[in-house]
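Dropping the structures in below, format is structure tokens.
The two complexes that follow have chain A in common; it is paired with chain B in the first and with chain C in the second.
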Partner chain A sequence: MLSSIGISLVVLVLILSFLNIYTASLDLKTSSQSINKSVYKLSLFQTTFTVLSFFTLIIGFINSDFSLINVYENSHTTKPFFYKIAGTWGNHEGSLLLWINILVIFSYLFLVFSQAHNKKYRLYTLIFQNILILGFLFFLLLNSNPFNSIYPVPLEGLGLNPILQDPALAIHPPLLYVGFVGCSIYFSAAMASLLSSYGGKSFAQSIKNWVKISWSFQTLGIIVGSIWAYYELGWGGFWFWDPVENASLLPWFAITALMHSLIVLEKRNTLYAWVIILCLSTFILSVTGTFLVRSGILNSVHTFASDPSRGIYILFFLSLMIFSALTIFFLKYKKENYNFNLKSRETFILANNWFMAFFLATVLIGMLYPIFLDVLTNVKISVGPPFFNIVIIPLVVPFMFLMAIGPKFGWVKSQNKFFYKTLFLILGAVAINLFIFYFFGKYSFLTNLVFIAAIFLILHSFLDIKKFINNKFKTELPRIISHLGFALLVFFIGINHQFSLEEDFNLKVGEIKKTNKYQINFEDIKIKESKNYKAVIGNFKLINLKNNLVQYLNPEIRIYSNPETLTYEAAIKTKINSDLYLTMSNVSRSDYYNIKFQNKPFMIWIWISSLMIALGGFTRLTLKKNED
Partner chain B sequence: MLTKKVKNRILFLIFVFVISIFAIFFILKSLNKNILYFSSPSEIKQKEDIPFGKAMRVGGMVKKGSIVISQKDIQFVVTDFENEILISYSGTVPNLFAEEKGVVAEGKLSDKNFFKADRILAKHDENYMPPEIKEIIKKNAK
Partner chain C sequence: MKISISKIIIFSFVIFSLFIFWKGLKLDNNYDTKSLIGKRISNFQLIEIDNDSLYISEEDLKKNRHTLINFFASWCAPCRAEHKYLLNLSNKNKEIQIIGINFKDKKNNAMKFLEELGNPYNFVGKDPEGKISILFGIYGIPESILVDSNLTVIKKIVGPIDQIQFDQILQMVQ
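The block that comes next holds the complex of A and B.
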């Protein structure tokens, strides 16, 4: 039943997309100033049916309708209600349907909210967006149909991978999808802008909000993913420079560059070609990331069940996208004049773009090099965190200085009257850094520089906040929040990295382990039955030897029945100045439990400061037109 | 004669070019220093110039009955059905670590028969097998 409803809805959407392209191209030729009503109607129908098809799948998951292969493979009757719903996008086919939903919804919203702009430009955007929609619809129907049915109907499903049954991971894909797939709308808009010669300021104004939305959601999605990795994977880290993480970072660099240079296009009406390139590459990088992950080419710790045939389709579609984007770009590209003064804000924004391009190149090379080497020489290698740390960290230092100083410059040309203030702040930063260095511990020269740069940017942002309160420049608040967030993030990651404490050992129940600062008593274990798993809960008494403070930590080993899997749940005690982190595992039912104990300073501040970066983006969305 | 504007532009282009060359050179150099090679136990046995004390990855199957756990560490034997190597590790293991399952360990080689791991790589999916290991098993199962 649901299978045929779902497939009919998807086919209906497919037909509507064709009709949409057809009516939009007819409307291009008419002389009327406004877009034909039927285009709106078709788009509205298309959106409604797409959303309905997604709800059909959700209903399939809620009712555990195992006549759908997709539900059978990824759900189970005993699964908690919330994870039944989350299971909808917790697999390849369902997430592709979500992907299409976002393409369609953004397409409609763009049509509705762009009425102040040129008609031809809007219609072309709609056409390109619908071509993208068609591409993914065909992919869904031919290769990854979530509505495929199975007969005879199985009585019970296979269940969702327990490691995905987690609140953070359940909301993580929708966030990322709004971020990554949201880029599609300005990919289409960029192509439309080239074809309809609707460039410059008005183009910048029309895509501005879409860039902010997808940037904010991408940032938030990446943060939520890191938080999940922190408490679920049990290593106590949150960023591993893993290929999948890198794949999410590539479009983020491009979109961050785009968000900054878009301001230049809007205010100064220059950099048009560069903005177009960034618009195109952001979405291309998003699809590339998806391709690498879903095809199983990347060897990652987060391996999705992968399938090469998916890869071939996405690769074909991707090449088509890149080829047509490049063709249109070079056919329509007009030469621009750049007149940049060194001491102007636009120069600093360009500098930001250079850094972003460098970070992007680094991550891309680190990600693709192992693949090329494997194909060419059959040597298997992997590129680990040290590479990224060595290449990226030194550049973060000048980057943060520019982040602080850049916004101080006015547009076109300005004098630097604030030389002494800057010098004063740098001295302040050096002094604070020396204080930390002498009283808390020694660290390398490079770390010193990173701390100085971060503190400098923090101090700078505080002065900006003071100015903001005196109402001198109201519109800069989002920038201050994001830049301050970034500085705090770098600072706290640095502190966290320098002063973390980690102990690995094995204990039997009842044994005691003493380290320099702590005594850990493994008191006992308890067994607890839950709805879809059995938990072995360890009870650890932790005594701080300095102040005799006693705390209890209760890590779990969960044994899920469907599918039969173990997961290890870390016990995390979060405090304002540090996290205590304890995981236990057990191999082959041995008497010894493997324990990893960590004390991680300022973890909560890493999350707060990274959330501030995203918050900046959301705040910018609330600004009124003339304020921005 | 070149006008000032053209001169400036040429200078700028040269500047950009030089910076890019430096950047790429810097990236590639760091890359070469920081790659982790993946080897199977047999490759470690056979290769003459295998570096000791440099970070690398070893993979294969955990041999049945080989896991020994003491207070200090976990020891187990990784095999590719031709040769084997003893690996020691301390810390928690990933949830899918078990006898007769594929494993990838990251760490340093002490000698040709002993590997000290800093990290054991986790896989989210029980049906998943790292491609390197799949290849080894295919090769040796013949």
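The block that comes next holds the complex of A and C.
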């Protein structure tokens, strides 16, 4: 029943997409200044039916309707209600439907909110967006249909992977999807802009808000994923340079560059071609990332989705996108003359773009090189954290200096009046760094530089905040928040990395382990039955040897029944200045448990500062037109 | 569209990348270690942990009737647990050669580990980056694979060797 409703809705959306393209193309030829009402209606119907199809699937999950293969494979009657809903997008087919929903909703919203702009440009955008929608609809129907039915209807489902049964992970995909799929709208808009010759300032204004929305959501989505990895994967880390994380960084670098250069296009009406390239590549990189992850070429945490037959389809569609984008770009591209003064804000924004391009290239190479090598020479290598750290960290130093100084320059040309202030702040940063270095511990020369640059940017941002409070700097608040967030993030990651304490040992119940700072007593073990899992809970008494403070930590080993899986839940005690992190895992065929104990300074500040980066984006959305 | 060098370069790069992606789809990159049994190991060279000029390759293993390749590290607790079985194997049975591959370890720690617990290995090869072990289809240690003189994998043990595994190995090599 649900299966046929769902499929009918999807087919209806498919027909409406064709109709949309058809009516929009007809409307292109009319001389009227405004878009035909029927285009709006069709889009509204299309959106309604798409959303309904998604709700149909959600209902299938809520009611545990196992006549749908997708529900059978990814849900279970004993699963908590919240995770039944989250299960809708916790699998490949369902998440593809979510993907299509966002394509369609953004398409409609863009149509409604772009009325101040050129008709031809808007219609072309609608046409391209609908071509994208069609591509993904065919993919869904032919290869990954979430509404496929199964007969006889199974009595019970297979269950959702327990590590996905987590609040952070339930919201992580929707956030990322708004971010990544949201890019589609300015991919379409860029193509439309080339075809309708509607470029420059007005183009920048029409896509500005969409860029901000998708940037903010992407940033937030990445952070939530990383928070999840921290407390769920039990390694105590939050960023692993895992292929999937890298796949999410690629479009993020491109979109961050876009967000900055878009300002130049809007204010100075230049950099048009570069902005178009970034618009196109952001979405192309999103789809490339999806392809690499979903096809199974890259193995990682997100293995739920790997299947080569999907890969072929996405690859085909990706090739179509890239070739049409390149062809249209080269056909319409006109050479621009750049005329930038070295001491102008646009120069610095361009510098931001160079850095972003460098980071992007580094991550892209680190990700693709192993695949290329494997295909061409059959040699398997893994490119891991050392590569990324070595290449990226040194560049972060000048990057942060420019992040502080750049916004100080005015547009077009300005006098350098703040040389002494900058020098003073650098000296301040050096002094603070020396203080940390001297009192808390020694670290490498490069780390010194990173700290100095980060502190410099922090101090700079504080001065900006002061100016903001004095009302001189009203429009710059979002920038200040994001830049300060970035500086704090780098600073706290540095501190965390430098001063983390990690102990790895085996203990039996009743045994005691002493380290330099702590004594850990393994007191006892309890078994607890929960709705959908059984937990072995360890009770650890942690005594801080310096101040005799006693704390209890209770890590768990969870045995999920559907599907049968073990997960290790870390016990985390978060305090304002540090996190205590303890995981235990059973050593097979022995009474011993492997204990990993970590003391990680300023963990919470890593989250706060990264959330600040995203917050900057959201604040910019609330600015009124003339303030931006 | 005018044809220029830069356009040709961009298009060929894109075509090349997409081609690699397409080829990449057919790659088998699952570390399904069960399927390893019955397969032959080939193309490897191990350098001795303490002496860079000493090495062995597949040709050397062909001389043994059976070779047990054991992956271990000083930081790995279950490796300690299985060590006594390895020592037993090397004492009891001359039919079997044991090769240790020291996985992502520091040389000094590994030497100390062997000094403390005894050295069951006929040869200890180093693999500080874990690359060689990956070629053997290892995804965690301890793991061991038993190969015959054709270098065909006849048994694979994931996790520490225990009494049951130990008896099975003895049976297989006799």
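Here is the rule we use: the second predicted complex is superposed on the first by the 623 of 628 C-alpha atoms of A that agree within 3 Å, B and C clash if a C-alpha of one lies under 4 Å from a C-alpha of the other, contacts with A are read in each partner's own complex, and residues count from 1 in each chain.
In this text, a contact is a pair of C-beta atoms (placed from the backbone, for glycine too) under 8 Å apart; a residue touches a chain by one contact, two chains touch by 3 or more.
Keep in mind it's a predicted model, so treat the numbers as computed, not measured.
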Query: Counting only touches as set out at the top, which of chain B and chain C does A:317 meet: first, second, both, neither?
result: neither
Field: Which of chain B and chain C A:587 touches, first, second, both or neither
entry: both
Task: Could you say whether A:506 touches chain B, chain C, both of them, or neither, answering first, second, both or neither?
output: both
Task: Report for A:295: first if it touches chain B alone, second if chain C alone, otherwise both or neither.
output: second
Task: Examine A:437 and indicate which partner it touches, taking first as chain B and second as chain C; both and neither are also allowed.
output: neither
Message: Which partner chains sit in contact with A:376 here, chain B, chain C, both or neither? Use first/second/both/neither.
response: second
Query: Which partner does A:45 reach: the first (chain B), the second (chain C), both, or neither?
result: neither
Statement: Of the two partners chain B and chain C, more of chain A gets touched by chain B
- request: Would you mind listing the overlap between the chain B footprint and the chain C footprint on chain A?
  value: 296, 299, 380-382, 504, 506, 587-588, 590, 592, 594
Query: Within the complex, which stretch of chain B touches chain A?
result: 23-24, 26-28, 30-31, 33-38, 55, 57, 67, 69-74, 90-99, 106, 119, 121-128, 130-132
Field: Contact footprint of chain A on chain C as seen in their complex
entry: 1, 7, 10-11, 14, 17-18, 20-27, 29-30, 75, 77-78, 81, 131, 134-135, 159-160, 162
- prompt: How about chain A: which of its residues touch chain C in the complex?
  reply: 291-292, 295-297, 299, 308, 311-312, 315, 318-319, 322-323, 326-327, 330-331, 368, 371-372, 374-376, 380-382, 504, 506, 587-590, 592, 594
- request: Quick one: which bits of chain A touch chain B in the complex? Just the residue numbers, please.
  value: 161, 163-164, 233-235, 296, 299, 301-305, 358, 361-362, 365-366, 369-370, 379-384, 386-387, 390-391, 504-507, 563, 565-568, 583-585, 587-588, 590, 592, 594-596
